[in-house]
Amino acid sequence: MKTPEEYVESLKRLNPTVYIRGKLVNSVPDEPLLRPGINAISLTYDYALRTEYKDIMIATSHITGKEVNRLLHINTNRDDLLKKLEMTRLLCRTTGCAQRYLTHDALNAIYETTDRIDEEFKTEYHLRFLDYLEYVQNEDLTACVAMTDAKGNRSKRPHEQQDPDLYLRIVEKQEQGIVLRGVKAIVTGAPYTHEIIVLPTRAMTENDKEYAVSFAVPIDAKGIEMVSRQAGRPEDSGAELTSRYGQATAMILFDDVFVPWERVFLAGEWQFAGSLTEAFATHHRLSCIGCRAGLGDMLIGASSLMAEANGLDPMKVGHIREKISELIKFTESFYACGVASSVFGKETPAGNFSPEPVYANIGKLLQGLHIYDMFKIAHETSGGILVTSPYPEDMQVPSVKDRLSRYLKGREDIPADHRLKIARLLEDITASYQGGWYSVISIHGGGSPEAERMEIMRKYDLDERKSLVEKITGIRQIP
Amino acid sequence: MKTPEEYVESLKRLNPTVYIRGKLVNSVPDEPLLRPGINAISLTYDYALRTEYKDIMIATSHITGKEVNRLLHINTNRDDLLKKLEMTRLLCRTTGCAQRYLTHDALNAIYETTDRIDEEFKTEYHLRFLDYLEYVQNEDLTACVAMTDAKGNRSKRPHEQQDPDLYLRIVEKQEQGIVLRGVKAIVTGAPYTHEIIVLPTRAMTENDKEYAVSFAVPIDAKGIEMVSRQAGRPEDSGAELTSRYGQATAMILFDDVFVPWERVFLAGEWQFAGSLTEAFATHHRLSCIGCRAGLGDMLIGASSLMAEANGLDPMKVGHIREKISELIKFTESFYACGVASSVFGKETPAGNFSPEPVYANIGKLLQGLHIYDMFKIAHETSGGILVTSPYPEDMQVPSVKDRLSRYLKGREDIPADHRLKIARLLEDITASYQGGWYSVISIHGGGSPEAERMEIMRKYDLDERKSLVEKITGIRQIP
Amino acid sequence: MKTPEEYVESLKRLNPTVYIRGKLVNSVPDEPLLRPGINAISLTYDYALRTEYKDIMIATSHITGKEVNRLLHINTNRDDLLKKLEMTRLLCRTTGCAQRYLTHDALNAIYETTDRIDEEFKTEYHLRFLDYLEYVQNEDLTACVAMTDAKGNRSKRPHEQQDPDLYLRIVEKQEQGIVLRGVKAIVTGAPYTHEIIVLPTRAMTENDKEYAVSFAVPIDAKGIEMVSRQAGRPEDSGAELTSRYGQATAMILFDDVFVPWERVFLAGEWQFAGSLTEAFATHHRLSCIGCRAGLGDMLIGASSLMAEANGLDPMKVGHIREKISELIKFTESFYACGVASSVFGKETPAGNFSPEPVYANIGKLLQGLHIYDMFKIAHETSGGILVTSPYPEDMQVPSVKDRLSRYLKGREDIPADHRLKIARLLEDITASYQGGWYSVISIHGGGSPEAERMEIMRKYDLDERKSLVEKITGIRQIP
Amino acid sequence: MKTPEEYVESLKRLNPTVYIRGKLVNSVPDEPLLRPGINAISLTYDYALRTEYKDIMIATSHITGKEVNRLLHINTNRDDLLKKLEMTRLLCRTTGCAQRYLTHDALNAIYETTDRIDEEFKTEYHLRFLDYLEYVQNEDLTACVAMTDAKGNRSKRPHEQQDPDLYLRIVEKQEQGIVLRGVKAIVTGAPYTHEIIVLPTRAMTENDKEYAVSFAVPIDAKGIEMVSRQAGRPEDSGAELTSRYGQATAMILFDDVFVPWERVFLAGEWQFAGSLTEAFATHHRLSCIGCRAGLGDMLIGASSLMAEANGLDPMKVGHIREKISELIKFTESFYACGVASSVFGKETPAGNFSPEPVYANIGKLLQGLHIYDMFKIAHETSGGILVTSPYPEDMQVPSVKDRLSRYLKGREDIPADHRLKIARLLEDITASYQGGWYSVISIHGGGSPEAERMEIMRKYDLDERKSLVEKITGIRQIP
């Protein structure tokens, strides 16, 4: 397995085309605007080497028998699901979002879906994928997941769009591979990964056939260009967390990109576009739950420390206690859905384990809806200082710095500087660009609430509950 | 194990003093106002004998090695906790509330707490209790749990009350046993059980010593009188569920009741009053979660059937779909907390397993708070017919019955009678006295939201989250 | 104006066909099951004669210049709207729901809509209606409003239903009048009113023409039969409020009922069915707001008294204070929407004033959604006693009554009997059949939340807000 | 009245000491980091000169009889209150927050409170204040309001703090005036106003006497230094609103600042510190309601346009329609509380009109709590593009710009650029630093939810509701 340094080193050997703020990036690992993103992924390499996290970060590959980073592991039992959940919480409570679990979720989704496609169409996607999987595990790579298409007019299907390239599509099938054109619109962490794994973004009809495509491609393959946002707030003094750890999202443009067949996992079998989307979503929603529970941990800790720094004991002051208990309630109730989803996970015909989908969707739905309530509570318990504290530079102005320190003290035995750092952390994660990002990504990343509600209804055994009521009332309703 | 008939028979051999609506009950098993309660408990005997429920309803006693009803079982591993949770859901989705899980929760709480008391004070409560436990298991009994004291002025402790008997207390310790006086104010199912298990209702101080008491006593012991509410709505035509299944609560008056030492499990060790209360609450809150999930199942099923009967397909009509998915979200998210509480349950020094308390409390808190939202959704999806449908008797009036049947039809292929029955079931469980009872009991039974929030704060590892934030910000805050 | 006694007397001169619980009612004013409903309407006659309520209860008819009960008044300015709002709060805070405001809302709706129909079709509905209005005002009558049709399959329009009579319809137009067949499914207060005012329940298409009908008919006209629910809980001891005041709803069957033209206000002009429905809804939603604010007043008062009786001062105990303040927040925020709706009310071409519809709909929506939160708070602040207190009959049992009184005391200086009465009132209005009725009627009476959301969207000036944003961003979006 | 240009010009004649980001500001009107704040206040001068806003922006001074900007007007009737409310909505829907209403609220609060102090203590504060008021009106000035003290340990009163200067205090009373030391921690708009009006931040006890102080002082008085945050996001391309309009908050340090008696409005009369705080809060909470309704207008408009640009018609797509109607519900329901507060406003003994406090507090509470729900809805309806759209600079990169424009189009007839601008506006106001600021300031600006709940309980006529219930139940509870 790679060390964090080797991961960064390996990025230097790649040469992706990345634009940020109108400029072409010379070297991704040297670009300050991307550094927080690289740091966040580095942590996934770092923790895997630490003995205290071995149980949670390391798994034994069921294809090679070697130890691999759990983020590249195919879940082979329910305990793997539970550990994946715990791992994402562990990684994200330090980084805000460790991003690399996307690789895990895509690998598992392709693993189980290619098996189904081969079963149905006698294709060989699954075998090809096993080779790719082994490569990724052996090289200890990170792949970004390119799923979200541009989508154009949301009320139309891919083939109905005026512009045919608004969903990424196969423009040509060749003997050696396929040629792709179009765009993937929101790809987390893209610039500082090794590989792009492409997945379809929705269920398709026969007319959408050319859009039913999945494959993997190196980040610097010919014809690929990215337009990226910065990761975190590297230029903002006072960004307590996100000057160090952050997440970039990029648009990836595909300009007639060639992908050889051995890296293609779906190419026209439109019947399975939805299955693959859904398989990924199910794995990924469990990851989102763990990730946001990590953010919840930060909010719980910071709100408690802030209340203390203000002189209000969270265990004793009634309204503070109630609010902190609400933060815990929100965080642990969506996390509990992740636990139930793991515990009731199911083996697929391919032999891997997939989270129970109803609980995965409910947990994801809850974290998306309640992140706003959690921010509200963090703000309510902390006070206006969150967005009004002096900038770090002001605390250095000789003529005022002593008075600022005096006046910004809350509880007598806690230095003003501590109080400010907690306030700035809370501002950083709830009331800055990054705070906005966390909330939007909580609600839309991994699927919108509307998508989750649909999925809940599709997967829940409503008939069983209807039968129960029919039994109680002695009726037999026509379905 | 007893058959349902043997359970009813056994009640005939007891002779408790019970008043309902101002009258003394001659024979509990023959009292129509209590019949729905007896039926609900009968089901726990019935299901235990059915092969399809064996795995969930039957356990092997760790003290006798015999098969026992799981409701009388001491949990010996995490799987027992999970099965207990599933069992309560199973029993309550048919009866509304099966009540007998209270016996289970009290047995487990006394089991683990007497062990702690003996360890601390070299007493012999635990051994005594084991005998009692064996008796209860062998006879396949049902015990009600008498916990809630009258409490008087809620801003005062037991010993501070003007009237010394507002919390049940030991008025005399004799060589053979103790003498009790006072009242337990809200005892579910009391009239139709075999035994009363008494538990303290809160933590005590040294001054409250005489109130720190726990014991078991037969329901018809000398000096015990009960004033009971009716169980369900046995006299209401149209009570689709609760004319058959219901729950009574009773006040139990203790008028210098003698209890021999072998049935006493706490008598003055005030240091453990809170522990015992809390141990019971932890087990019981898990039961409440399962129970209310069963009610949730009914609401989900009935709301779906009602929408269909109205001609609105719950999978296709957007606003109905959204609401049913909300019902599922509420039900399964608090149930997931029960699952997490079971999965993370812990072994006590006594060797039994206790639910993880934070998740148990969050799950209980959620079901209490959201029962109201669930009723709202059931009402919103179903329409005004819930409280305006003609009475069953009206459907028999010759001059109008045909027209009523014509006009009360919704979807063409569903008989009006089916639609009415579902409407009446929903009225019964959400908009009748019993519906009110479910909501109040959801919020207060097993502890109020305030109590649960306190417990969440006491049990959550807040320090760990504070350390996390101290690490992120590089500060070290004084505690 | 009539005295309450004259109102009851006048009911005796009518002879409607009413069934309750399978029996034909001999005399409505003598039927115990309807008495609480009669009492509630009596109060509207009573208060109109009291000098302290003159300003709010009495208005000067703009057609006759005589003083009339405001409940029969056509609003001629904004102040009339505000006073109507205040009047409904006043009447409903004592009775739970005074019902007779429905008459007011229907009169106003027909007043303004007939004027529009005549303008469009050169008909004479408005003039006819003025005569009817004068008659109602002079005789000081009460009319029930029959609006809600049976509706059958909710996904189909009236003319699409398999059974043509699922919406009330004109089966024949004769020279002297029209003949009606079908049913109105939920008519509040019907048995104990003088007149039935029929309104269409929705917008219609040309094919639904025969269903576009509005008229007034005496309650005992030939061919009319009613199947009624009881009003309140007249037979329940312990029904603190609703043994005295209640509301019945009835299904009204129309079996080829003849109505002369002078009492017909719409007969086939389908273009105005929606307008009339909507006009009524707008007036009525304002009434619902006032009515539920009255229920809110009871809940606020009773929850505060209950907390006190429990020994918890609502001003000092943090979590109680927070909850009572939430009750106030809910009640007064939807009431404020009623105030805004009144203050921004608009004059119609007919010259009367109609509430501003967006605020009326938002207020109605809020009261329907939040009634459940309000019940939750009432339960949370009061405790389990709400559904577990001994029945009044038990408090009379000689052998236990003294102990019950001792044990049911909370704060030392408040008699147990007071505490019980407040608990029973809260049970009565939140946790009994009547409590269920209040919640369902709050959400569905006067239109469902879904209907209100549609209306909000139709009436809100969304374009104005879009223009604002176009101005800010400098774009001009194509509509 | 000043033109916007004259307002900016007038700032040049002042010379305040202001630090931002560690640097001393040379000239406030030339400082780019403050420009958006200046622009927002300029708009209040601009609109006052426009004929279309005359009715709402201009009032006739009751002291001079001259026309004045309504923001400097003393409310002399209820209509003034309603117009003030409408004015804040108008100004803030364009600027996000126009800030200058703070001047209005402070002037009104001091007006009515000095009258009470003089009445009680025979002082002359009111007369002095009238002179100051005339000066402010005649010069058409803007004053910032310095209220929030540093507060130190929140569980202690001013005089109990270890450091005596954590609340601003009078260190010396001299013949000509008073000398002040300490800090005001959060002062909105401070650097670009003419005057500082100081108010106490809470009720005081006799021991806190020296902290009971109110006065006005020019912004560049000797001994005053400010540490300010930037206003808006002037340096961020893509800040659609806040590169132009924004708000700065500053800490103001008072280093033995002398204030002559004619500008002192409270100096030691601790009995009135709370009254003055509360009087300001009442006026100001009404302003907050209007201000946030303006933000609501932007959110409603932008969310609707965004949905359209995505190809989803807000009137037709069910879940979008529901969400937009929720945005309207939140915005207009708190605004309705502002309307009710105005309509039920009361005349003070000084002759001005003050908003009805219960409605003002409920409205303010609602906008603070629901701003988070509103952001959630804006995010939910708009999609991930809010935080992932390419930067404006990227849209200029020659090699990719055409493809970006193609791919970022939603509905075919709406240019990508329009869609991006709306997305960026929503990011700007909900998911950037400024979005965080809006949410925190909504919840804490003008008082925390906790403070508002306390005030609601203090001002609500709870006794009246208790009497109602006593009447219904026939009890008479001891208070």
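When the chains are written out, they are named A, B, C and D in that same order, and each has its own residue count from 1.
Heads up, the rule we're going with is that a contact is a pair of C-beta atoms (placed from the backbone, for glycine too) under 8 Å apart; a residue touches a chain by one contact, two chains touch by 3 or more.
Every value quoted in this text rests on a predicted model; they were computed, and no experiment measured them.
Think of each touching pair as a link: the shortest run of links from chain A to chain C has 1 of them. Look at the contact of chain A with chain B and you find the same residues on each copy: over half of the numbers used there are shared. Taking the mean Cα position of each chain as its centre, A sits at the greatest distance from chain C. Contact count check for C-D and B-C (C-beta pairs in contact): higher for B-C.
The distance from the centre of chain B to the centre of chain D, with each centre set as the mean of the Cα atoms, comes to 51 Å. Chain geometry summary: the mean Cα position of chain C and that of chain D are 40 Å apart. Averaging Cα coordinates per chain places chain B and chain C 38 Å apart.
Annotation for chain A: residues 319, 322 touch two or more other chains. Across the complex, chain D is touched by residues 19-23, 148, 150-156, 162-163, 165-166, 182-183, 185-186, 225, 227, 229, 249, 251, 253, 255, 310-313, 317, 319, 369, 372-373, 375-376, 379-380, 383-388, 390-391, 393-394, 396-397, 399-400, 403-404, 406-412, 427, 430-433, 435-437, 439-441, 443-445, 448-450 of chain A. Contact residues of chain A toward chain B in the complex are 93-94, 240-241, 297-298, 300-302, 304-305, 308-309, 314-315, 321-322, 324-325, 328-329, 332-337, 339-341, 343-344, 358-359, 362-363, 365-366, 413-414, 417-418, 421-422, 425, 453-454, 456-457, 460, 462, 464-470, 472-475, 477-478. Those residues of chain D that touch chain B in the complex are listed here as 318-319, 322.
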